[in-house]
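Labels run A, B, C and D following the written order; every chain starts at residue 1.
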Amino acid sequence: MSEDVDIDVEYLTRVEGHGNIEVNARNGKIEKCEWQVVEAPRFFESLVVDRDWTELHHVTSRICGICSIGHTLASLKATEDAMDIDVSEQDKKLRKLALHGENMQSHVLHVGYLALPDLMDSKSVVPLTETHEEEVKTVIRLHRLANEMSDVITGRTTHPQRLIPGGFSKIPTENELMELKNKLEGSFNDLTAVANLLNDLESKIPAFERETEYISLTHEDEFALYDGDICSSDTGRTPVEEYLEITNEYTVPQSTAKYTKNNRESYMVGALARLNNNYGQLSPMAKDIAEKFDFDPLVCNPFMNTIAQVVEVVHSVEDSIRLIEELLDEGLEEQEEYNSPDIEPKAGRGIGAVEVPRGILFHDYTYDKDGKCTEANCVIPTNQNHGNIQLDMEKMVPDIISKPEEEVEKQLSMLVRAYDPCISCSTHDLNIKFID
Amino acid sequence: MNKKDSPYLPENATILSVEKMAEREKLFEIELDSGEQLGHDPGQFVEVSVPGVGEAPISISSSPTKEGNSFELCIRKVGNVTNVIHNLKEGDKIGIRGPYGEGFPVEELRGHDVIFIAGGLGIAPLRSLINYSLDNREEFEDIKILYGCRKPCELLYEDEVEEWRDMNNIDYRETVDECPDDVCWEGNVGVITTLIPGIDIDLDNSYTVVCGPPIMYRFVLQELKEKKVPDERIYLSLERRMKCGVGKCGHCQINGEKEELYVCQDGPVFNYDNIKDFEEAL
Amino acid sequence: MKPEERPKAAFFDFAGCEGDQLQVANLEEKILDLLNIVELVSFREVMTEHSDDYDVAFIEGSITDSHAEERLKEIRNNADIVVAIGACATIGGINSIRNAQDFEKVQERVYGDEREHYEAWEKAKPAKAVVDVDYEVHGCPIDREEFLHVVQSIVMGREPNIPDYPVCVECKLNENVCAFERDEFCVGPVTRAGCDSCCVNEGTICWGCRGMIDNPNEEAHEEVLEEYGLTAEEVMKKFDLYFTWQKEAREDE
Amino acid sequence: MKVIKKEDLENFVDELIANNEKEVVGVKSKDSKYVFDKLENAEELELDYDVTILPPKKYFMPQRETLVEYETREGIEMEAVNEVVPRIIIGIHPYDLEAIKQMDKVFADSPEDDNYLEKREKSVLIGVNMKQISEWSFAGSMGTATIEDGYDLMLTDLGDRYAVEIGTSKGRELLERESLEMRDAEPEEVEEVENIEENIQNGFEKELDFSPQNLPWLLAENYGDEDFWEENAEDCYSCGTCNIVCPTCYCFDVQDFSDISLEEGERMRQWDGCMLEAFAEVAGGENFREERAERYRHRYMRKGRYLYNRFGDIACVGCGRCSSQCVPDIADPTDIFNKLWSDKDE
């Protein structure tokens, strides 16, 4: 039993972006317990000021490499909202496919490359390539499938090219969609294998719970990712236009990042939040898999976020197949090559919200009459989770502080990783502070 | 497809030996794996291939009269292919295409005085002709060799040069641009053009063959002009970027007022009179 | 041409979106092949193991504060070969848009009253502005195949082929309809090729993410854009999406 | 001369596609432009086009092709490679046919380049007389608006029918299939084709003010006029577009690409352009055409003079691709050549 604990995790590994964990205890008394975000600021909300409406999605896509499709779509939706630009049903379906591709890609990366090593007591996926070659190859196959999907729909796996205001500069061919559908259908074995693998490791998932408010989009007709209202597990529905009422950004002295809160001190967004709020709308096989893990909303164990991601991957595959079938049944409406919709820019403010792998994302732009951006605000999922991570840590540390220091460090790292934080995209981090 | 069908397919060859000659130059003795002779004329070149890196045109530095089936290349390390070639050892394999190009006009030179003027690496292609004429000494009249490099340590083919110095049936002269104080050097100090005024040239009966870096040509030609050497009695070897070696890729074409030339096919050896009006030649 | 020993490689990230490291992860099965030619000793995004004993360091992201500068200098000291990957690390990337903005305003827009808390440079810099960089893999994000080509070249001891001609070359090889023939504007004529004109192939324009070629005809392109109907200010905006740092560096020369 | 109804030609093309013996490519529209591309069905074929973005040379000398494959596990093994896809190419305009004739000479010149020649041999060329003329074209001045040979078959649009001129036995064989409905041309139809060809001559907006036979000496005379070349090249991006889109340009670069094992790979050639800055650069940084103006001049010299000296043809067929696709609009051969011509009198 250790009375004095000093944990300094500088640049937590296997997460996107830079964050530190610092815990100090003296004689069993916790003196400090902090989750710190130390990503260098990138000033996106200033970068876009004065830029043309045709460029904003290109710029804001660069907020995050992993969620670049999500950022692009939130950005386009905000611009389209500001200028009343219509998007065809077909293009909306294609955009949903793009979002599914990104969701799958990011979740598979997180579950397979970043979280699994913890559960398998390995420091990274690299040693696993030798000890568990088959499993690693399964994960790689799913990852590649997800990327192929982004490629076919958006032109590239990272920083999509085809997504533009009003629709697509180029759309996939029916043959490409058909092929994609075949590949998606061929992935069920791999999906089951990954689910089973995690099922076998379920005992390694810490049994930690804390009552939490969950926030995500919600929609009557579907498991909401691209469209919908804001939904809180505590306070119910709010229209997207009123997102500021929900996010309520504030600063706290001991933290480096802006926190958000709605009904409680903090809330959680992401796969677990989506499952908690929209469980009934999951696709059939996704639901089966969730049941294997005895998933019963409301689930208040943040470590279950990883499981929720696995469930969502299955949902994304099934829902993508459904979307492609619909598109093919209706027949793809051809569009011009190098399509660029005829749009007259105009002044106004627009807000776009989409669910990206790590949770709900808001872009909010104001344009002048020439379509130059005058003001922007982006609220990123990871920012919304920082407060919740901190509060989880505060609850968890006293329970585990008596364990060996290494073990404490591992649990805390695992906790942060379970949130799959995407720190480099946190646009609202404050006050860089380094551990000496 | 067999070899004859593709001019781009190299033949396999083996490095028989590697000799370091100076800081940046090594001499490679090479034999075709077919066992056949390369069958080149002095002044011709080959394309040397290192699979995965690329090809480089290199003059054949040995004389066709050399014993055995092997030939020699003197390669300066300057870039991609040549850097990697420098790491190769005895027994390693490379690819060879060629010989390519028009070499020196041996028939025309036969029976005349020949003056060789080599600057730096320019000795590499000239050595092929020098050794040819030394091996057939009786077929040529007076032979003069003027060889210059920047510093004594950059002198190539040291053993052979040592022999040239001692030969009494040729007139060998050498110079270095500069000589560090701690190096012993008995030859001349000064750029290569300083050797030219001191030699006698029988204007009716001699040919001058020049090879060196572009800047050297300008000064040497100036000096030869002062000596009243007729332009058509001067031959020189040019270097250009090349990708195919067989007159297709377009890279080595040079422009002039009158016509165009392909270094890989029309050269690399040119009669000065034919290219003197080419703005891009020198 | 395969060397006997695998060089040790390490990845480091600075201010950027980590999309380039993601592109490396996106090599999928080829990662396993890559591990046959290099030994991965540090890659924070995917592994907890870390070692300071590496031969080749890959740098992603821009350098935006003195802490990052120190860190990069240390990496330079440890590594034989430093490779900058992605636009943020090669030319300042999207981050350098702010180099042309008033920094006071930049901070205020994002952080309001709390801007004082920062230690961030006024200008975002690419890696080569801080240390010597041996190779660059351009693009936002990098092209996976080009990344592999550069790694392969380093392992083989040869120079990678990184074009120094404009994107128009590849755009024409791909038989695209030029942006200028569709009433759009493109910086392809001054941007370094090597991306296979991927954005134009997908129906848009070249935005310039690989940076300008070494000797661009900027003046001509500025004139042309104006002739095609852009205002001088709009022309500037075309150039300061990705070229701000490069332009300033050239002017300083 | 034969005559075939338009719908029968369509059926014929569909049959060729279904037949699958050779890949069938033809002119298709792409956005507001045209390209040669693989045909899925005859309906896609656009025989009423002005000019394609790239010339059909890409089928004989692809943008990128493998010349040699190598393997270095033990020693070196190298093998010559030629990926030949036999093709029927439909809709080639006369100026492009002329350009192909010129390229044939270049690659048949010793040593023969089989990578080109074999692809060329395995292709069937179906030409078509122009109906639309590109506003940039000056084929009329270059004598390439119509052509007597160089095709296997040549089509001329006669409203509801096509006249078909058979150029070679290859062309004749292609037509030898029972299902094909075709008849001999009436004398009036032969005359109609002649008239059409004559009219094409007059349809060009752009012209050379003099006979192209004067180009070799005119260019030689102005080679040294540095001011002229500098002035005209000032806005040049060195983007090589004018090289790449040209049907008579054939310069190339060769590079090795190893696979990830580092033990095998391919030596590939890719189209290069003399307008690109590094085209004449050698190791150590010496560049034999360092200035934009030098490269700019070189292209015109090559078109109007050098290749003429070497192969006997003016290497510009007047298609106008270079001028129409040069973004700063400085690559128009008629503009440069006419300026030189009018300056000569001063």
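We take it that contacts are C-beta pairs under 8 Å (C-beta built on N, C-alpha and C of every residue); 3 or more make two chains touch, one makes a residue touch a chain.
Just so it is clear, the structure is predicted and the values come from calculations on it, not from any experiment.
Chemist: Look at the interfaces A-D and A-C and say which one is made up of more C-beta pairs in contact.
Modeler: A-C
Chemist: Taking each chain's centre as the average of its Cα atoms, which is closest to the average over all protein Cα atoms shown?
Modeler: Centre-most chain by C-alpha means: C.
Chemist: Would you mind pulling out the distance in Å between where the CA atoms of chain A average out and where those of chain D do?
Modeler: Whole-Å distance between the two chain centres: 51.
Chemist: Between chain A and chain C, what is the separation of their C-alpha centroids in Å?
Modeler: Taking the average C-alpha coordinate of chain A and of chain C, the gap between them is 25 Å.
Chemist: Per the centroid of Cα atoms for each chain, what is the distance between chain B and chain D, given in Å?
Modeler: Each chain's C-alpha centroid was found; their separation is 39 Å.
Chemist: With chain centres defined as C-alpha means, what is the inter-centre distance between chain B and chain C in Å?
Modeler: About 43 Å, centre to centre.
Chemist: Residues of chain C touching 2+ other chains?
Modeler: 1, 156, 177, 182
Chemist: Can you pull out the residues of chain D that are in contact with at least two other chains?
Modeler: 30-31, 72, 255, 258, 262
Chemist: Where in chain A do residues touch two or more other chains at once?
Modeler: Answer for chain A, listing residues that touch two or more other chains: 337-338.
Chemist: Check the chains against each other and report every pair that touches.
Modeler: A-C, A-D, B-C, B-D, C-D
Chemist: So in the complex, which bits of chain B are touching chain C?
Modeler: 50-53, 79-80, 83-84, 87
Chemist: In the complex, go through chain A and note every residue touching chain C.
Modeler: On the chain A side, the touching residues are 11, 13-18, 39-47, 49-52, 55, 58-59, 62-66, 68, 109, 113-114, 117, 123-126, 129, 137, 140, 143-144, 147, 155-159, 161-162, 164, 168-170, 251, 337-340, 375, 424-425, 427-428, 430-432, 434.
Chemist: Given the complex with chain C, which residues does chain D contribute to the contact?
Modeler: 30-33, 35, 53-54, 63-64, 72, 234-241, 244-245, 255, 257-258, 260-263, 270-271, 273, 276-278, 292, 325, 327-328
Chemist: Can you list the residues on chain B that touch chain D in the complex?
Modeler: 1-3, 5-10, 12, 49, 51-55, 78-79, 82, 93-95, 214, 239-241, 243-244, 246-251, 253-260, 279-280
Chemist: Can you name the residues of chain C that touch chain A in the complex?
Modeler: The contact residues of chain C facing chain A are 13-23, 25-26, 28-29, 31-32, 35, 40, 43-50, 61, 64-65, 67-68, 93-95, 97-98, 101, 105-107, 109-111, 114, 117-120, 140-141, 177, 182, 184, 198-199, 201-204, 207, 234, 237, 241.
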